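To start, the structure under review is shown below, and the notes come after it.
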Amino acid sequence: MQPVATTFFFYLLSGLAVLGGILVITRKNPVHSALALILTLLSLAGLYLMLYAPFVAGVQIILYAGGIMVLFLFVIMLVNLERSAKEEQFNKQWIAGTAAALALGVLFILVYTGGKALFPEHLAQLPEQSNTQEVAILLYGNYMFAFEIASLLLLVAIIGAVVMAKKRI
Amino acid sequence: MVAMLKGQYGSGIREANSYLGQNYLVVEASLIPEVLQVLRDREQFDYCVDITAAHYPQREKQFDVIWILYSFARNERIRVKTMIAESESVPSSTSIWGTSNWLEREVYDMFGIRFDGHPDLKRILLPDGWKGHPLRKDYGIIQQDQEWVQINLGIESGQ
Amino acid sequence: MTDATKYLSRLELGQPDQTFLDSNELIINMGPQHPATHGVLRVILKLDGEKVLGTECVIGYLHRGVEKIAEHRTYAMFNPYVDRMDYVAAVSNGLGYCEAVEKLMNIQAPPRANYIRVILTELNRLASHMLWLGTHALDIGAITPLFYTFRDREEILKIFEKYCGARLTTHAFRIGGCQYETYEGFETEVKKFLKFVAPKIDEYEELLTTNRIWVKRTRDVGVISAKDCIALGVTGPVLRASGVKWDIRKAQPYAAYSDFDFEIPIGEKGDTYDRYIVRMKEMRQSLRIIEQAVGKIPEGPIMAKIPKVIKPPVGEIYHSIEAPKGELGYFIVSDGSTQPYRLRVRPPSFVNLQALDMMVRGALVADVIAVIGTLDIVLGEVDR
Amino acid sequence: MAPITTLHYLVVAAALFVLGVVGVLTRRNVVVVLMSIELILNAVNLNLVAFSRIWGLQGQIFSIFVITDAAAEAAVGLGILIAFFRNKETVNVDEVDLLKW
Amino acid sequence: MLDYITSYLKSDLTPGAAGNVLWAFVYILLIFLGLSVAVIAMNWLERKILAHMQVRLGPMRVGPHGLLQPVADALKLLIKEDIMPAEADKVVFWMAPLFVVMTAFTVFIVVPFGPTHAVTDMNIGVLFMLGVSSLSVLGIVMAGWASNSHYPLIGALRSSAQMVSYEIAMGLAVISAVLMSSLNQAGTGTLSMIGLVQAQQAQHTWFVFKFFPLGLIAFVIFAIAMVAETNRAPFDLPEAESELTAGFHTEYSGFRWSLFFLAEYSAMIAVSSIAVTLWLGGWMRPFPTWLSGETWDLVFSLFPGLTFIFLAVFAFVGVVRMPKHPYFRIQTMGLAGFGAVLGLIGLVLFAPPVRDRIQDIYWFSVKVAVSMYMYIWYRGTFPRYRFDQLMKVGWKILLPVGIGVLILTAIAGVWL
């Protein structure tokens, strides 16, 4: 499948993603932040599709946007943050934050400009039609152990979350 | 039963009679909680049908407060009546029957009779800020709390 | 003796420690404009998420001062007013009032009048229960029974209309008997109706009684024990569903009820499902009563000899009947004039509604709806 | 316009990462901090997927594990948030300065 | 240019797969149009069918047999005042219905109405559909929160908990169908919607009958979960009228409310089409193996035309039975015109080239329509679940049964 107007879609989606990211950290109301984050997540899913990773894109939509963000919204509604929305939103680490951001940004630019030569021009052949099958074969073959560990991690997370949130067990 | 009660409370039981086959007792206001308690526990009048009142403005003790009781075991009704004056209050029977709660509130709402020991004595059918008690005889049938109507409904008059 | 006294229908606000998340209780106004409160009932709910921590009923939106009006009308003039209280069971209201006044005047309605009274009152009980069933099912989410019950209630209203010209607020009886002789074909029509309605009741039961979701929604919901029922003065089908075999028609028969053979259906647990079953059985018992009565309406006058001007002697009377919703009582104080000195109505809905708080504490929001439905209140009667 | 190369994706990822770091460092609201962490994780994911375009599927596999991780983190993080809110009635990070309550 | 347009007609691919933007666009438009018509028709049908279940007539006044009632309703909704609560969060309140509608429509780009009749065939089709339809919960949560009112908030909380819970059972049922698709191929199954139907074609069975009763159980799980997922009776707690007035859209009115309505019905059609694709053989005609051969192919290909002719006859019967009174003249003429249009469409559908291309779409739509009828039937029959019971059904019955079916399907697939 030949993607249509790749350049345009790339700039559109990445622009939306970055815009969403900016809104996440600047909005006062946590619900608005969460909605902006959903925007970012969905545009990232689009970018994954463009990178021939449809399965990851699907997982991104179904798990991140459909699952984790619902959890976030649920908790925001549950703890009723109206009062805290009126308070000071930013702590006094402005300077530290900006400095860290600048340092990281400079570092990234350095790495990219310096490391441009490292990336090969020719891309690996990733057949999109069988992407899911190949991911599955890798997941249940080479990465079987990691996969099982991940499921254990989720179990621990479930128990942890229940223990934390429940008042009387 | 009447003899027993009379023996116990003497002249507190003013009258014990029957009219058209319906029994009633007239009791001194101060004896009310005890008599009701005895009626419920000993005489099995376990169901308080109704609490109501009547207003006699020309009498010295203006109000009749009436309890209508029923006994499932005896299949029998009895009315307990007491008379109180305007300023007096009656002990509440909410601790004897749960049903007294709203019934007493309604009597308070309509007659302005206060019940001592009632947990939440406030108006029930009329709005909270209403002035006057409609079922008193001196409350005219077209009378209303003009002020309340004007403030809360935004109209000149409810008539 | 009772626990019921502990449940005062007052809402204690500001007890955050009871909720799951502390300080996050939700206060919700259910009504006065709400699809499931059967009128203008307003229930203030204190919720912890879905769980009900407490309720408070705010009533009186429909208060018309019926008792005050009674003091300014003659006995006969007041008769139509009582129909406006429990407007889905207007005939029962009228019966109670007429009998109370008759008792006060110490007269007896003639047997033929009594039979007509019984037939119409039982038809009215059927109509009331049908309306209850339809709206109760609608509250729980089953929309279809509503239309079935309304279709069949229509037949009853047609009989009323033919008898006295009115469908809802019938004013069917007069003090001393009945105003109207039965119309021609009354008996056959009632008999036809009996044949028509018996399978329809089966139809309702088919839709609901064994419906798993219906059973799940009503079993163990709004349980109230017999002891609490008595302490709270709850009467009618609610009391019988808790296992108390008490019906004024049997305990203190009035009109011609002593002539008929019928049973008092009772429940065991006192939950919503039992109340449903009790009312369904009651409908069949009503059919039985009508069937017995319609065959043997005695000949004779339909009015007792009463004076032109009704002037009961000085005295007090309390008379109660078994209305579809419970014990409907009239307490009349007469001062010998043409107007009652004081007339008190003991409304079953008002007293039954008081049990709401006790029945829903700890339940879920959806149960509040089910319990309001199962209590079968009519706001016209609660507020009077 | 120039064709889109891997580098373009990396720049987007870097931007998201920086935004996430700034959010974590400067915001007071725990919920927003958690969301910023999600931003960082997503930046990493975009990197991984972009690299997998060059070197094969392993990057995608790893990004799936990262998403799993994010789910676990969100669940536990929000659980802690609820427990914390219940006890202190606040969701501000700078008021969480005790290791016990 | 003309080449570009006609070249696609010969290909065996979906427009998306063929890379033909124009035709993809045309398909999107067609789906949008068809969906709108379907929603309008559903509105009328639901009211009529429900009414007849409840011994009443339903809409009868606007147009013959109330046929124009949905149009009148739509007009009313469009010109109705659009109320925005004063304390609402304006932006989110405005976005929520759009979001819900968008997700509900986006799902349809992978729905295969036929082997080539889909906008595109995604490698992750099923995953995409589940994912995007699960996004609609976000719109509902947004609506509930933005209204800044208690009833919508409770409705939104209920619906988010409900949809997230039932998605799991739904996913398990879907996985067992996907597992079935892998059986007599080269070892891997497929998530593509077209691929799933082709797998059923290759195995000469609908998956609902595969490994009887495993396929059936998975289908039933999905059928229950999809009702819950679309917030319909008996799982309509988020908008339970008698409890929460109208749930999450209590504060919405006019056009915005109609968007929710549109989204609800298109979501119903969407999940129904997933069920049809996965278990009921998608576009396959009934009895592909029992009644095979040229003659049967011909007979079944006549069905679309026959259906329309039947409907036309039905309309003409209505014309004949219409009272002969000047008052009814316009109605009679309208109904006759409607019947004539239906008959004309029916005749066109008999033409061989049209017949062959339309057949797949017809069978797919018929299956979806049956599923929609079930929705209406449930609504007429069942009372509503309570919230804890709903959760119990989801977590304690559907989920374990789903896992069991999945394991048994895997075992059956290996050993049978």
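By written order: A, B, C, D and E. Residues from 1 in each chain.
The rule is simple: contacts are C-beta pairs under 8 Å (C-beta built on N, C-alpha and C of every residue); 3 or more make two chains touch, one makes a residue touch a chain.
What you see is a predicted model; the values in this text were computed from it and never measured.
Of all chain pairs, the one linked by the largest number of contacting C-beta pairs is A-D. Chain centroids computed from C-alpha atoms place E closest to the centre of all protein C-alpha atoms shown. With centres defined by CA atoms alone, the chain at the far end from chain E is B. Among the other chains, B has the CA centre that is most remote from the centre of chain D.
Put simply, the C-alpha centre of chain B and that of chain E have 63 angstrom between them. For the pair chain C and chain D, the distance between mean C-alpha positions equals 62 Å.
Chain B and chain D have Cα centroids separated by 69 Å.
Look at where the CA atoms of chain B average out and do the same for chain C: the two points lie 24 Å apart. Multi-chain contact residues, meaning those touching two or more other chains, occur in chain D at positions 82, 85-86. Multi-chain contact residues of chain E, defined as those touching 2 or more other chains: 157. The multi-chain contact residues of chain C, meaning those touching 2 or more other chains, are 21.
By the touch criterion stated above, chain A contacts chain D in their complex at residues 6-7, 10, 14, 17-18, 21-22, 24-25, 30, 33-34, 37, 40-41, 44, 47-48, 50-53, 55-56, 59-60, 63-64, 67-68, 71-72, 75-76, 78-79, 81, 84, 87-91, 93-94, 96-98, 100-101, 104-105, 108, 112, 116, 119-120, 123-124, 126, 134-135, 138-139, 143, 146, 150, 153-154, 156-158, 160-165, 167.
Across the complex, chain E is touched by residues 26-28, 34-36, 47, 49-50, 137-144, 146-148, 151, 207-208, 211, 213-214, 216-217, 364-367, 369 of chain C. Within the complex formed with chain E, the residues of chain A that make contact are 1-2, 4, 29, 31-32, 35, 38, 54-55, 57-59, 61-62, 65-67, 69-70, 73-74, 77-78, 128-133, 136-137. Chain contact summary for the complex, chain E toward chain C: residues 50, 53-56, 150-151, 154, 157-158, 233-234, 236-237, 240-245, 379-389. Of all residues in chain C, only 1-2, 4-5, 7-10, 59-60, 63, 65, 67-69, 71-72, 103-104, 106, 228, 230-234, 244, 246, 251-252, 315-318, 320, 327, 329, 331, 333, 341-342, 344, 346, 350-351, 354, 358, 383-384 touch chain B in the complex they form.
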